[in-house]
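These notes open a run of structures that come right after.
Each of the two complexes below includes chain A, the first together with chain B, the second together with chain C.
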Partner chain A sequence: MMDMDEREVPLQLDFEDDGVEEDEPMADRGAFERQYADERSWEELQEDESGMLRVDVAQQQRQHRKRMSAMAGPRIQRGIIRYLFVLLDFSRAAAEMDLRPSRMGIVVDCVEAFVREFFDQNPLSHLGVILLKDGIAHQLTDLSGSPETHIRALRSNMESTGDASIQNGLDLARGYLTQIPSYGHREVLLVYSALSTIDPGDVMETVQECKKANIRCSVVGLSAEIYICKLLCEQTGGMYSVATNEGHLKELIMEHAPPPAAQAEMSVASLVRMGFPQRGAEDAVALCACHREVKMGGGYTCPRCKARVCELPTQCHICGLTLVSSPHLARSYHHLFPVSPFEEVENLASANGRQSLSKSCYGCLQELPTPGGKVKGVRLECPRCRQHFCFDCDNYIHESLHNCPGCESNSVILSQLSQ
Partner chain B sequence: MARNPTDDVSQVVLLLDVNPFFWGAEAASGGRSNGSGGLAFDQYFQHALMFVNGILLLNHTNRIVIIATGSSTCAFLYDSTATDGINGSSVTSKANKKTQVSRTELITKSMQEFVSKEEEASKESSQIQYSNISGSLSMALCYIQRVLRGPLPHPQARILCLQGSPDAPYQYISVMNSIFSAQRNGVVIDACVVGSQHSAFLQQATHITGGIYMKPPQPDGLFEYLMMVFTTDLFSRQFLQLPRPVGVDFRASCFCHKKTIDMGFVCSVCLSIFCKHHQTCSTCGATFSRSNSTTVTGMKRKAPGS
Partner chain C sequence: MIQFANVVVYNYQYLLDPKVAGIISKEMEKECVVVFDEAHNIDNVCIEALSVNIRQQTLDGATRNLSQVTQLIEKSKATDANRLRQEYSRLVEGLAQRGNLAGTDTWLANPALPQDILQEAVPGNIRRAEHFVAFLKRLVQYIKNRMITEKVESESPVSFVTALQNQAGIDQKSLKFCYDRLHSLLLTLEVTNTDEFMYIQTVCDFATLVGTYTRGFTIIIEPYDERMPNIPDPVLQLSCLDSSLAIKPVFEKFQSVVITSGTLSPIDLYPRLLNFHPVISNSYKMTLTRDCLCPMVLTRGSDQLPVSTKFDMRSDPGVVRNYGRLLLEMVTAVPDGIVCFFVSYSYMDGIVNSWNEMGILQEVMQHKLVFIETQDVVETTLALDNYRRACDCGRGAVFFSVARGKVAEGIDFDRHYGRLVIMYGVPFQYTLSRILRARLEYLRETFQIKENDFLTFDAVRQAAQCVGRVIRSKADYGMMIFADKRYNRHDKRSKLPGWILSHLREAHLNLSTDMSVHIAREFLRRMAQPYDKTGKGLNATLLSQADLEKMEKK
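Then we have the complex of A and B:
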């Protein structure tokens, strides 16, 4: 019957129908999902000579670059010394199996990866884990700098019962975060599965308290957007996002690993006294101050009180001096001196006229696209050294290496940079 | 014995220090500056060439790339997988056969081109005496990244720095960036220092990535050190008695006087290191409040083991 009806509709209306159909899949989704979903993904497809469908490589690479540059944002001061509490919702809602094996299982996997990435990117920062279940908040681990402690504790406490209380969780985290030194950036990351919060008092008050204490709260939701979470993030300057699937959840949690932009009122700049201990000789026997055990070799000696500690970074257990090694500090320097984004060489043919186009990528010798050449994709240029790079090198240089090979190998630019 | 068939296949990236200032000074002093028997540039280059041939003979699937580190630029000299020369330079049909003679010729030719480019560049600015190790390390890592993107199985990648020139303090951050990126990708950095002084950069690089650091006591016997120590692939290293790592200097140097210190002040905003208390940070311009300059005492110290 339906078919018959449609046939009777005049041609003009038929076009409109198509338009409605295109919008329908989007309308099915919750309003919050629209900003995550790729719109018009079919436009990436192109037909080649033989009528096969191909994805336009250059177009795809351009889109990837657009996403990355949106994430990178402008050059900003970042809060490098962070004190972060991860609040995990282990209530009944976390046992739901819409993600396999369960929401809790996926969350623990993501958080484990996050904890490692967090300490990789923020070597001088501290992290603690709080679990929300049975209506109360359990503190699983203290604020500390060792990823293994958190992961081990998390793995051995996978059980979900009762309800989750945002208020209790925030109050507990706030209690600890108000004690940290004023130069640290206080943060809470809530991974929330439930659709409600069961609180003993007024959760709005707690949100205001957090705002007053300069705690930046971010939430990653697993089910749907919740008003109280959105309010919390808006009030405290955090990020709110809701995952649409497993991969997306991981992406959203990982977004919190790089240090966020520093806000002037959030923390006070100060000079922190730190020690740079020497590594002890391999065969020396000494008492370590952190475990109170006799240990052979390794270890580091506090330059102020000469106590032995086992690993860096830490605080000396005797005199309280912050002990770090210089590579720890160097790990964060790339946030301060980022590589300027590369520009795409738009018109290959006209660029060819001005100067001869290099045939291969300056970084990896891979062939670059030339007008009329076989290689597809984009050609990128460093705005400073004017060397050309391929798409893959651009990715690697900006995400992992944080050096431009062209600028680094040009002594004129290098000497300018160092001044 | 091998855990998997790719254990023995190596992708070696050789970074050759071609800093004219270093080699010029070395020639002027007649090699006496580094104590026992000196090393001239042509000797050094010959030893490196023999080492390259040695690596390629050990396993027919081994690959090698040579990058020259100059004082004004860096450049790829040779890629054993490429069918024609670097930069698409005119390659004779002889070179395409990749016989040993042609390989040596090819490398020598690109080295000559590089040296003449260096000569031109160094005429313009004469004060530079460091080599751009950060540039060649970055290029090496980009190249290795391309190999890792390629088809499986991936060869085991390692970088060997044949370094003579002293460390350039202004390259510290970029060298550290390269080291951390290498560590994340499982790339091993080896270092052989032929200069008169130890390189703190390369010591840290080898320590962090698990490579071998060596400063040959007799630089004129370079070839033997290269063959005995640096041709070994990562798998065989666990069965060999290789040079033990010397102590690594982890102390930081302050930004204000470039002094090495074991206790100092760190800016909480940008992590710049200072040896004295300052009012403002010279790197990021933050103003410090005096009261916060001491370490925290308010934080509860937790009893160990509880």
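Then we have the complex of A and C:
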């Protein structure tokens, strides 16, 4: 659920405020002041007849929707099956304390949240972690589908020493990524805190080779914009962003969780073989292929080679078949067919003698704002099923549920009626 | 070819230096529009065009040339006496020059301005070739005697000519014709190896200028360079003090003359220096989509001690350490390329040595590679090339350069090649130089420009020029640090050009090192955010067709 607190305005969205002129320069103020510069929530307070304070809820909600809608994109083809390497810079520069508690600490926190979100939104994908320190790249974890492995490995390896080398990191990632099947999207996310890169050879060559291998490299910087990172992102089609504070850093890393647009070269549709294993009975005893131990109960059986695996989604260790269950596919489905954004209902339009407005939200049955009523806020309408929803339900539907209850129940009712 | 071209682009000297302009630019029509671009140094160019320096080797070379000329005359008399006689009769009739010169004979051009060349007959005492050579020998001998002196002498051209007349019997009128006569003689003798005769040509230049002008020049004889008193190096300098002399013919001949530059400030000083009344004098601001400049004035180090390159403070170890720490802190905060400008080569050498002893240089090298500009062109080019490669591949580099050097005048450090420029100190000229002092006195007497004002103007102009290397387009961004406590004073700050002053906020004045590092970090983070290049509303920097039409109607 998106953070409802509108005080957290990240700096990059300051430029799209609704016509409020900024006549004072921003750098003169302190960091805390900048967060309030656009909003000035104290000025929005008004007094009603009895002298009590009231806030214009509808205005705030509209501003929030405007921000969210700017971030959502059109319906495009996306790469669902992603093989992503996260390159973390654990050099000397990561020990600096300008982001609390230290750059390394906040990066590990954000990456942990990112890993969970990544597997939540892309259950069919794989992720691996590479650390850059002492001028070399260490592979911390292999490309795998289980979030716990990565998080545990990260937490146990938190030391920052030496220099960071982009070339070594990219070479290592490229070595692994060139071995994956062609239907997978190859990606690298580099979280970089240093200001320079100490490379053994020509880093431009590495950039060209990544471009040739179709690896989409994105960079999230923590200090300032570095030319080589910008070049890398431009050449490979990735995104380069620099974080201004802790909250902004988290947002920027989370932006990479939803699948990116598919590149033109990869859009050749190919058929991918997948298996849907059955869950074994509770009293079945079998040798588990992932842990090489005898396990009681539970477990899934690969349909092709009958090996037992402990959890899904994964790749069968014996025959290499991708094993998934249908909810995983369904979760990827909503990226390709998102719920259309809801439109705001202007209260005045109802005076044209149409049917009277529904009094409660279709999703949560709470009271909706009406003209002259007590409840303030915006009223939203789904363009397909024409049901009305409140602001909170709209957020929930678009961010977590990915299904409109009105559209779902409409088809149910229609099918019931036809029986 | 020049007559057929619509647009001609060439050096200032081709239009301002009388020696060259008389040949190259005399076919330009009156209706031309002349634009002097990057004209902030135009007064210096005008002065150099009319100045001559004579050293010991010049005089030795001149003596050699004269003996060569004597031999040639003897030879020519023996083989073809006709030519010499024809020349004599021509001179009697007053035709000093023999028609148009071929385009390559630039070295034989008259150093005086066109209108100052008397259209008279060459005087009788130098018409015959042998007499002229003897005349020149006397002149060279006199100059040699004058240069043997223990102390510095300075005098005006009039007194020099008078003394010359008393001692060597050379009158002013003959001096004026030295150039013409030499030129005609060498043409008659059909001399082809013109390079060898550079020395006598310099002496004749000197003689002609001394004879032609009475005001706006001064002669200074120095027995040795004051910075190295043990090495005798006598030099006789005829230096022009008035920059309006060389540019006067340009103003008079051409219909429109435009003088433009990014650092022409203060703008009202130039009309006074060049002695003209501008029809339009305007200063334009930059329209930027976002604040991509961040100038800062740094006056003290983190320990709150003031920093400066004032002579008495230069070698103070505290100041040196503070400057070093400033560089070190900036190197850890700024990505890609940093450029540092120092006030002189000797200062740069000294401070880099001290930093090396203090260990600061080693720490800087751990973060970025260090490159230095030297007085050798090839070395500097190599250093620049490697500096750019280091910035490109992400290694990061620092470039040490000098404020009046070649790099500061011509090389751009745009985009990632220059994210920060640090101007260490105020780049004053060497104030003890006699020529400079003579010029300052002349400016004070003639134009009522105070010495301090002019020196400050010159120094701040140079600083602005150095600092302007860093921003070359609207999408570019960069920071500038003026690291000297004297920049905080109003008289220096107000001379900075408008586009720097408009971004120099009160909060960025009088900073210490840690404050400036903080501002730098904030600025870099802000500039790294995505923005709309065309700008909207107030910050519109990209005009559409409709905007242009609206502006046209107004």
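What we mean here is this: the second predicted complex is superposed on the first by the 344 of 419 C-alpha atoms of A that agree within 3 Å, B and C clash if a C-alpha of one lies under 4 Å from a C-alpha of the other, contacts with A are read in each partner's own complex, and residues count from 1 in each chain.
The rule is short, and it goes like this: a residue touches a chain if its C-beta (ideal position, glycine included) is under 8 Å from a C-beta of that chain, and two chains touch if they have at least 3 such contacts.
Computed from a prediction, not measured in an experiment: that's the story for all the values here.
More residues of chain A lie in touch with B than with the remaining chain of the pair chain B and chain C.
When the shared chain is aligned, no partner comes close enough to touch A:Ala213: not chain B, not chain C. In the superposition on chain A, A:Ala257 contacts neither chain B nor chain C. When the two complexes are overlaid on their common chain A, residue A:Ile80 makes contact with chain B while staying clear of chain C. In the superposition on chain A, contact of A:Tyr227 is made with chain C only, not with chain B.
Contacts of A:Ser325 after superposition on the shared chain: chain B is touched, whereas chain C is not.
Of the two partner chains placed by the overlay, only chain B lies in contact with A:Cys393; chain C stays clear of it. With both structures placed on the common chain, the touch criterion links A:Ala286 to neither chain B nor chain C. Applying the stated contact rule after C-alpha superposition, one finds that A:Cys310 touches neither chain B nor chain C. Chain A meets chain B in the complex at residues 77, 80-81, 120, 124, 142, 179-184, 262, 267-279, 281, 290-292, 303-304, 315, 317, 320-322, 324-327, 329-334, 336-337, 359-366, 392-393, 396-397, 400-412, 414-415, 417-418.
Within the complex formed with chain C, the residues of chain A that make contact are 11-12, 15, 21, 25-28, 98, 166, 195-199, 202-204, 221, 223-229, 241-244.
Those residues of chain B that touch chain A in the shared complex are 69, 71-76, 79, 82, 86-88, 121, 125, 128, 132, 134-139, 141-143, 145-146, 149, 170-174, 176-181, 184-185, 204, 208, 247-253, 261-271, 273-274, 277-278, 281, 283-284, 286-289, 292-302, 304-305. Partner chain A is touched in their complex by these residues of chain C: 291, 332-336, 367-368, 391-396, 415-416, 419, 505, 507, 519, 521-532, 538.
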